[in-house]
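Take a look at the structures listed below.
Presented sequentially are two complexes of chain A, the first with chain B as partner and the second with chain C.
So, the complex of A and B:
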């Protein structure tokens, strides 16, 4: 309805309005090798005015990348038409392409060329006149504070810097339309904010239109229009404020009372019939659901709050997916939380440092984690999180300090310590050509499981992660979300006491992140200790304790509430974990310089 | 419509990447030189200083004469022994490659029997050895016959006897190096041309830069040119190093025109580049591409091109199959340009074949290099 209404409005206005870009009823089908056809996009229509900012959102494999590639001329649509500046095009059309800037997910930098050489190459490829280059270079380099690094190899830059360089390479010839495919995946909140500042500043200078796909709904909320895709279909389209209204009257905030942590409350709420979605938020739990006035519902104590985009998004998606998603969530058995008494810490690090030559990746970091805790390790790109992680898993030797995991000195007997831990790497690190079952069998053997126990554990994780339908499929052909599930299933095969997860939700949509965290909550309630790194700051709310690192140094440590309180001392405006993180890191950085 | 500044920029980028990537320089320059040295010095198909046991059952001047005759041959290194048993044992253990035994019986008419036993494990060497031995023995027999006839009666003109006079042309010294070195040049051109380029389009796919490149207005023949030029230059540098080594290190005679050699090598190299780029663009995976290149380009060059194994004696089907590989034509062309000189018919035919291959492969590579992700 919403969609029909907005297109109707536009149609009335359109005769006088000049459109920069228009996509009409775009469809795209792919044929798999086995002859199966997949509809990646169905009848997508979109109009872009000069200077507009439009966000594409949707779960994994919803067709966002396919649509951006069609607009960029990398794919030819199966049906429908595209117009750019009044000219019709499809596929490769040099005249149109020279006015479109496209940054793919892998941002297309040549890592063995320097920053300057990358800029020159893209300037030449896009026919930027030599005379105008120095000015453009200076402006772009200044915008992303990269002027001192022009002679550095692109491969040596940090993740956030690469992203910014990718962006300015795309912008080297001022495009009329900028296409960004998930530009903020795997980027910390600080770099993410900088990236958006660059985009909005350039948009203000030139009437550039931007079409961006993102899995951060708060980013989408800042756009003029949002397009929600699901399995190739347009679920909703319109200004974010209008879309938010879909969840009006259904958004609540429920405070978590002292002994229950928000994570457990959320997990319980998700199983209630009237609840559509629940997520921890600043010490409370945000709930979307139908409040039934007659019954004594779990929501009767909840406070109604203005809806936000994520609420509508979850509402629409759950309507679409219906019981499938619900079943996935409810399959995760929630065990009553055993009382957490003050026990011996299961992880204990004291004054741990790690040097790489002259470079100090981790500098004198100490913290403890108790059994059954969810522990979050946060920090900007290059903060030393992965190094800390690898040292805890015994994959990397510490230069100095003491590390005890499950009561075992990791520095002395790393192999012994590793038997107690499960590790899920950030990159997909299973055997792609092997089937799901073969992967499970191989890793069960690698962890030393034998006989009945091995069969029982494999059956158990297949059941827990609902892998039954996928057993014969090669791991590399699984959709992204299922690959993550399989990786986690493998990490849990030997029933580790501690599970390490390195950016497990990077690039995942809110729906699969909910399922992921529900699983983590269930594990923690069974007494498994979970250590996790993430770039989604709101996910830190699921943790019992968090550690914020930057430049290898411990900046803050405590419960989410303590961290927020600490940040509020620095900046009273801080409400969300995102703000708290930025405030703490910026404070530390300004002190350093 | 080629835009030159854009194409030049792309070529410059490829040059930079090639020069910064140690592995491509190693594969492009150091490996060829190593191959050249190994094949030029280490590998030889010649039969030289073959250990031969001469069984001396009867110590007569004639037998000693036979031994001296064998010892004078540059190809044989005879060793006197008195026991048949020991000689047999030596042969079994590989200490000697052949046994020569003079029969004790002397025929009334002065006819002699000399037994030759050759180790036949390697049929080719065995054949060469037996022919060396036979020629040494027949020269000994001739000398002996002359002496014998002097003793019995005055020399008579030998009527009705035909004599064969052998001359070996093009490689009079029968140095296998002379035909191996031009063969190695083929191998090196193939390595630089196909193996290196097989990686470079696949690499762009794997690193995700192809997607960004495709979204720019660059045309696909500009990409093709950008990929070809640097590796063509590297290949030509390799060629000059090989030619210099052939002339100055290995003293391989060069009887044909240098310009023709360079021109045909350039054409062959272009074909190899086309093949490598085609495979790279088709597989989009560096590992797969390099494996395929080994099978369709490197192995046939070693085994089917006539570089080591002469094709004339190969089964007909192998000969037809070999015609499908440009390396076969290039080997024939180079060996004849080096050793025989400018043979107009052969040069024209082989150059035309190389040109045809180069054209088809480059065309295929250009067609495969789609600026699309489908």
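So, the complex of A and C:
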């Protein structure tokens, strides 16, 4: 025993030279204005070898960003120690920090400068010698295929391109350790794949270590090690394969037989006692649960499948959260919509185009959406889906074509059409300084709700979205997840027939995405039509119909099964919606060029 | 659908309520709306004054007679003039003025009493440090007044001095404060009213709330009017603060009608808000709006006639002042306050303001719609 302790001490005293970075028992506490102390991180330990790739995963507010900021020297830990290349540091330490590259969630690109000027600026900031710049620029620009765009303003780039530019600005002075905070949030599957290719190529070249936080678990699965955080505590740590085994024997696939759609089967499954989690996957429903061989359970007919990281993640999180998550899942917004014939489309667009000067953002797009449907608008960044979305909401006038929403011509009477729709923006866009209740009151007024009806609707959404404890808090001080809830509550205040959601799950963890989609399924079953844009292709499985756009043109339209079938014709290996999307977009792009 | 029946009026009130909350919610912003106004009023009232309370002067009395001593006594006995030097000959004058030992020199030539006795014009020379023309001419005017009083007195032998009757209307003591403080009722509010209106749309654009607002069934007209009233209200409250300071702290007598003053201030604030909202609808973000506002503010104040008389500006600039609402606001406030001008007299100043308010709104509404 004693001997073991001394060797342990020895090992701690002289960190082996093969380690690039070591964090020992890092803790961080914050004090709120009201004196309340919050433990953002508790005893986090992590070792990084040169050339390793480690993913940080966890729900919102689990401490991922806090940890990255501590490693980057922007925050000082309350306890624990940090070592980089054998040197101890905490907070600002120029010698160490010059070797660490940090890309925050919202990278500070100068939108009014060109790509080249941004590169020059960051090269100056990081003291990159002038002589070595041209070679480095050329290599980085080539890697992200941005060589032709050096004179373009950074503000004019698509979301994916901006992210790539941010990444190469971080990498201008080659760091030994690269920290990435959710680099792929709001980025489409194509650009996401490209970003990862850039990272792995550079890693192969320079033996750089990468520590990345992500809410995409399939990305984490490709890393050498995964660290799962929950409320500052380390829930699990290790290679992804090992973590997957936690869910071994508990992952199943249950086919959804028509006419039941996977979304409804999922909702039903989630209410079963033996089911821990369920999510639609390629026309079936993936279930995590305990199969009881004796009883005739809902899982008897299910096929057991090899577990994946998300299964273990959900398993661990549900064990932690217990009833809290359940309560949130039970909350279903109550919305009464006027009866509408299911045969008549509630949204109907014909040959819609939108030009910005010479640029055609949307080119001759037609589609229909029927009442009670969940409709997904998918496309790479800059594909024109935001423009389509904004035209449907009446925020942007179409250049030509006809748009009817709830039977009303959006081009002629936009204000009338707006009464029938609810809108939830991608980024939080309610009045930050106003309290939750003041925001609800204002939007109730803006939608013309008055008297008893106003009081009843406000009380209803407060109840549905469990906002009671937050009513007096300024909206800008709400945690991210609650801001999303409030935005949804505002969107549903006036019981719209159609709900528009712009990337509602961007940056959300799998758990909150489950809750979100459960709400959507419930709304759709009450007759609300839901139009949603998303970058999570697996979420397209929740939709009844999806539209894939690129370059302003309609590439594919149909049910998820139809889209997959279409993609399989192009590439027989396609199984997931992610693959299908990439196959369809790449096919169209190669035809174009 | 009955709940969707709505009136324009309640829409506007909804927006006004929200805007006021946004402006007044934060304690700091409430302080910012009140404190600077009070501080500036006090500063302008006390500091920005051309009145002289203490004029240092030097005396060169070459006559050394009874009459010259009586005149000197009149200077020394005044509450304004303080003698800092007594000169012996005229060669000393230049040094005294150069070294700023005195602001002016009173030079009584020999033979002064003889001329007075003979009922001839007796010259008294006043030499002024002209480096600050404003101060110098004011001091000279005070000196002139003392000499005139002297000449009319028995000591001055009732000399038929050709006196230029100088009397200032509405401000007999030529107190600058009387002109400045009433003008502030219009002027001081401009700064914050312009900036509140200028930020209102720009902030929504920058923070992404604009889209959320535009997807509601609120009409552009209701939004625009809802964004107009709160800054107008803020402007009126600020003007009232200045008015209270003018009445109670500076005790400047109010000659006009409060109704007319508030009518003028109301129209004036609408005109300023119209400009602010146009700037706001035109700007992409708060920084742009702020920069536009600042570049407008300075010319608006300079061309208002507040600090310098419009009549002494070059012709082109005089024309430019006609398009400046602040010019009308300042003049209206001064005339109603000090002169008690009736409606018929202020109407020529009111209608251009009303026209500017209408144009401002048309412009803001156009820019607002273009952005849709």
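Operating definition for what follows: the second predicted complex is superposed on the first by the 566 of 593 C-alpha atoms of A that agree within 3 Å, B and C clash if a C-alpha of one lies under 4 Å from a C-alpha of the other, contacts with A are read in each partner's own complex, and residues count from 1 in each chain.
Following the convention adopted for this analysis, a contact is a pair of C-beta atoms (placed from the backbone, for glycine too) under 8 Å apart; a residue touches a chain by one contact, two chains touch by 3 or more.
Given the structure is predicted, the values throughout are model-derived calculations rather than measurements.
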| message | Let's test your reading of the overlay: on chain A, do chain B and chain C clash or fit side by side? | response | clash
| request: Please work out whether A:98 is in contact with chain B alone, chain C alone, both, or neither, and reply first, second, both or neither. | output: first
| request: Would you check which partner chain A:473 touches, where first means chain B only, second means chain C only, and both and neither mean what they say? | output: neither
| query | If you stack the two complexes on chain A, which partner ends up touching A:120: first (chain B), second (chain C), both, or neither? | reply | first
| query | A:108 contacts which: chain B (first), chain C (second), both, neither? | reply | first
| Now for A:522: first (chain B), second (chain C), both, or neither, which partner does it touch? | neither
| With the two structures laid over each other on chain A, which partner does A:75 touch: chain B (first), chain C (second), both, or neither? | first
| message | Between chain B and chain C, whom does A:419 touch in the aligned arrangement: first, second, both, or neither? | response | second
| Contact residues of chain A, present in both the chain B and the chain C interface | none
| task | Would you pull the chain C residues touching chain A in the complex into a rising list? | result | 1, 3-6, 10-11, 13-15, 17-18, 21-22, 25-26, 207-209, 211-219, 372
| task | Enumerate the contact residues on chain A facing chain B in the complex. | result | 69, 72-76, 91-92, 94, 97-98, 100-113, 117, 120-122, 124-127, 166, 169-170
| query | Can you name the residues of chain A that touch chain C in the complex? | reply | 338, 390, 393-395, 397, 415-416, 418-419, 421, 423, 425, 427-434, 438, 442-443, 445-450, 453, 490, 494, 500
| How about chain B: which of its residues touch chain A in the complex? | 3, 5-6, 8-10, 12-13, 16-17, 20-21, 207-209, 211-219, 371-374
